[in-house]
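To start, I am sharing the structure in question, which I have written as structure tokens.
Chain lettering (A, B, C and D) follows the sequence in which the chains are written, and residue indices restart at 1 in each chain.
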Amino acid sequence: MSSDKPLTRQQMAEIVAADIPDGAYVNLGIGQPTMVADYLKPGSGVVLHTENGMLGMGPPAVGDQIDPDLTNAGKQPVTELPGASYFHHADSFAMMRGGHLDVCIMGAFQVSARGDLANWSTGAPDAIPAVGGAMDLAIGAKQVFVMMSLFAKDGKPKLVPDCTYPLTGKACVSRLYTDVASFRIDADGVHLLDTYGISRDELAARLDVPFT
Amino acid sequence: MSSDKPLTRQQMAEIVAADIPDGAYVNLGIGQPTMVADYLKPGSGVVLHTENGMLGMGPPAVGDQIDPDLTNAGKQPVTELPGASYFHHADSFAMMRGGHLDVCIMGAFQVSARGDLANWSTGAPDAIPAVGGAMDLAIGAKQVFVMMSLFAKDGKPKLVPDCTYPLTGKACVSRLYTDVASFRIDADGVHLLDTYGISRDELAARLDVPFT
Amino acid sequence: MTATVVKAGEAVEAVKDGDTVLVGGFGMAGMPVQLIDALIEHGAGDLTIVSNNAGNGDTGLAALLAAGRVRKVVCSFPRQSDSWVFDGLYRAGKIELEVVPQGNLAERMRAAGAGIGAFFSPTAVGTPLAEGKETRTIDGREYVLEYPIRGDVALISAFRADRMGNLTYRKTARNFGPVMATAATVTIAQVSEIVEIGDIDPEVVVTPAIYVDRLVEVPR
Amino acid sequence: MTATVVKAGEAVEAVKDGDTVLVGGFGMAGMPVQLIDALIEHGAGDLTIVSNNAGNGDTGLAALLAAGRVRKVVCSFPRQSDSWVFDGLYRAGKIELEVVPQGNLAERMRAAGAGIGAFFSPTAVGTPLAEGKETRTIDGREYVLEYPIRGDVALISAFRADRMGNLTYRKTARNFGPVMATAATVTIAQVSEIVEIGDIDPEVVVTPAIYVDRLVEVPR
């Protein structure tokens, strides 16, 4: 998808969905990544994992479908697709930690040029720390896709040379999808994949991170 | 059970069975320990574990009961009792290693005065090493009962100050049942529980291990 | 020993002052609500609670915290929109908190149940939650050494039990229950239904009876 | 990626010379006989075989060994009344052997599947099988550090599969299958029956489809 304007959150979700291989096992993090499910092609065979113990998660449950025993990681009621399976928490995180998921999609506060991820704490001195499964997800999947706005409200870039927020995981992000540009990150550095309503030069001027 | 003669293997099994608490979860090792099952009281509620993935193992399978998918650790066909459960090998050995079994009963080549167990290898230079689950069983149960003859065919005691055969586990045996005497072993040493057709003095004279 | 069927009040008498109590559930799914209520009534205090969250609203774990019975919470995610009870106690310095990544939390309890002395986990490497912990590079990857979390008592919720204590669960309410059942000295399960021995197919048992000490029937 | 349904011969093309192959089964229960036969026909050699035993009689694993395809066996119990093929190769110095206590064997594969870098096991402490291994005393108990065992390919036998690759097993034939499925890059399962997606209750799946790459139907 190309665009000459910054992407909406829906468009970002659509782009991410298009980059998920058919038949992949995928974990969608809480929040914006959840929207990716809406754009998976019917028949893609993508299987959703939820770390609270399920493969084959279906769409949100509505009305009579709502079952308090069947929720996603955000504790929202969901449904079960044919071919699903349930397992306990240690087995579920073994599945992630063991690298069996093809893709995990997460939000972020910051991503570094080396693929470091910061998405669990702003490091505010009075904040109550809470990490959930973020650190396990960050290191668990074969590929970690991050979705975020590229610039904070104050204009500061969130793709940074080094994360200033506390890390969730080191060198774990392989793709970064933002409203104005998407990137691939590997051992060689940051590679621009596409821009949306911003020029390559403007991007280079506004980021402290070199990219090819 | 008292006896003024050395015990038969059947009598040893009967004595061991009588020492298993009602409702206990028990693993019976291959060979002589298997016989203990024949002497468990009906209604004792003792549940048998087999390390190849089952709780609630029943008696040996005969005739039409034989199912190649249902065997004990000795690979003999067995049956399933009501209330049984199946689990995989990692879960089965987690159950043992985690100390959840009440009693494990094993044979032995030697037991030391500290409760060291040697039952997997005679250390012969040309022997092919093979340990199976013996080392896991030795350290896994809350109590390890050993059944063996007290003296080898050449008259040498098998309850020894230090095992000369390669160890299966250290300080793991809590009860030792033999044809001529039974013992309790704890951090204080060896304690004689009963004799069968041998006097205490004769026992003391023939063993290099002090006991109370 | 095989499980005994008791009332919730009798079941939680196993909890003593100062105990570590593992509490199942992920949100409300799998939360042993009636056992927690009985624990509040029981009165044991100075507890360490190990659970994924640190209480929601004013009931359940939050009520236990509000009653001043909890010295420390070990969890992955204490901060939620309705965790005001915990938040207040924490900001007032009245409760200790150990935040553990969710997978390490589950695996540390699994290690306790499985007799593993410690394990090297790749989770949290390079983050504040690994600070002060032993690290090691194995086959080119960095790991943090994590230790078992054992409970004196586990309070879990399952779906169906037989009278021996074999358990099945329903959907994602399974979550921490099977792991916690292995990791505590005494495991208490509240279940929707208790059936006769032999009425659960041995192939579908999720928690074998060996892990369950007390059963409390709480029909839905 | 979800599983594909293929013939045994096509399935085992995943095995390359020099690979480590995990082979399920405990005795004949859960032994993937047809996959082993196909592997013999396939011809890959210089293999490391990880399995509980080292072959019985003259068929199956024993035939693979007899064909000279195996460089090393990792197992808990090679020596059996009818393990003459292995015995002969071993005594002739034509095959390497690593004996691993059965529970450590299972747990080391579990660690590989679960992303654990290494773990401290109490099994084998003070025995010849712990010689040369790192030890540590934790909370007053001695442990040996054990490392993961990963497979390039796992050959397992299950009872029923759906077309996605979800597996159930039968009785004690479950044994090493579920663990090996998690520990290999490519997992090949022979099953008695392949059913449609949705025909296996999600509550009773033992091996989730994510761990299964190829399915081979071998009706009993």
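Throughout what follows, a contact is a pair of C-beta atoms (placed from the backbone, for glycine too) under 8 Å apart; a residue touches a chain by one contact, two chains touch by 3 or more.
By chain, with names taken from UniProt: A, B = 3-oxoadipate CoA-transferase subunit B; C, D = 3-oxoadipate CoA-transferase subunit A.
Everything quoted here is computed from the prediction, not taken from an experiment.
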Note: chains that touch subunit B and subunit D both are C
Report which of B-C and A-C is connected by more C-beta pairs in contact.
-> A-C
Distance from the CA centroid of subunit C to that of subunit D, rounded to the nearest Å?
-> 33
Rounded Å distance, subunit B centre to subunit C centre (Cα mean) = 34
Centre-to-centre distance between subunit B and subunit A (centres being mean Cα positions), rounded to whole Å = 54
At what distance in angstrom does the C-alpha mean of subunit C lie from that of subunit A?
-> 28
By the touch definition above, subunit D meets two or more other chains at residues 107, 110, 114-116, 121-122, 169-171, 202-203
Multi-partner residues of subunit B (at least 2 other chains) = 54, 80, 86-87, 94, 96-97, 139-140
Spell out all pairs of chains that touch, sorted by label.
-> A-C, A-D, B-C, B-D, C-D
Footprint of subunit B on subunit D - complex, ascending | 26-30, 76-80, 86-87, 90-91, 97, 99-107, 109-110, 121-129, 142, 169-179, 206
Can you list the residues on subunit D that touch subunit A in the complex?
-> 1-2, 110, 112-116, 162-164, 166, 182, 197-198, 202-203, 205, 208-211
Residues of subunit C defined as touching subunit D within the complex | 107, 111, 114-122, 136, 138-139, 141, 143, 147, 168-171, 202-204
Touching subunit C in the complex, subunit B uses residues 21, 23-25, 45, 47, 49, 54-56, 80, 82-87, 94-102, 139-140
Show which residues of subunit A lie in contact with subunit C when the two form their complex.
-> 50-54, 67-71, 75, 80, 86-90, 92-94, 96-97, 116, 121, 126-136, 139-140, 166-170
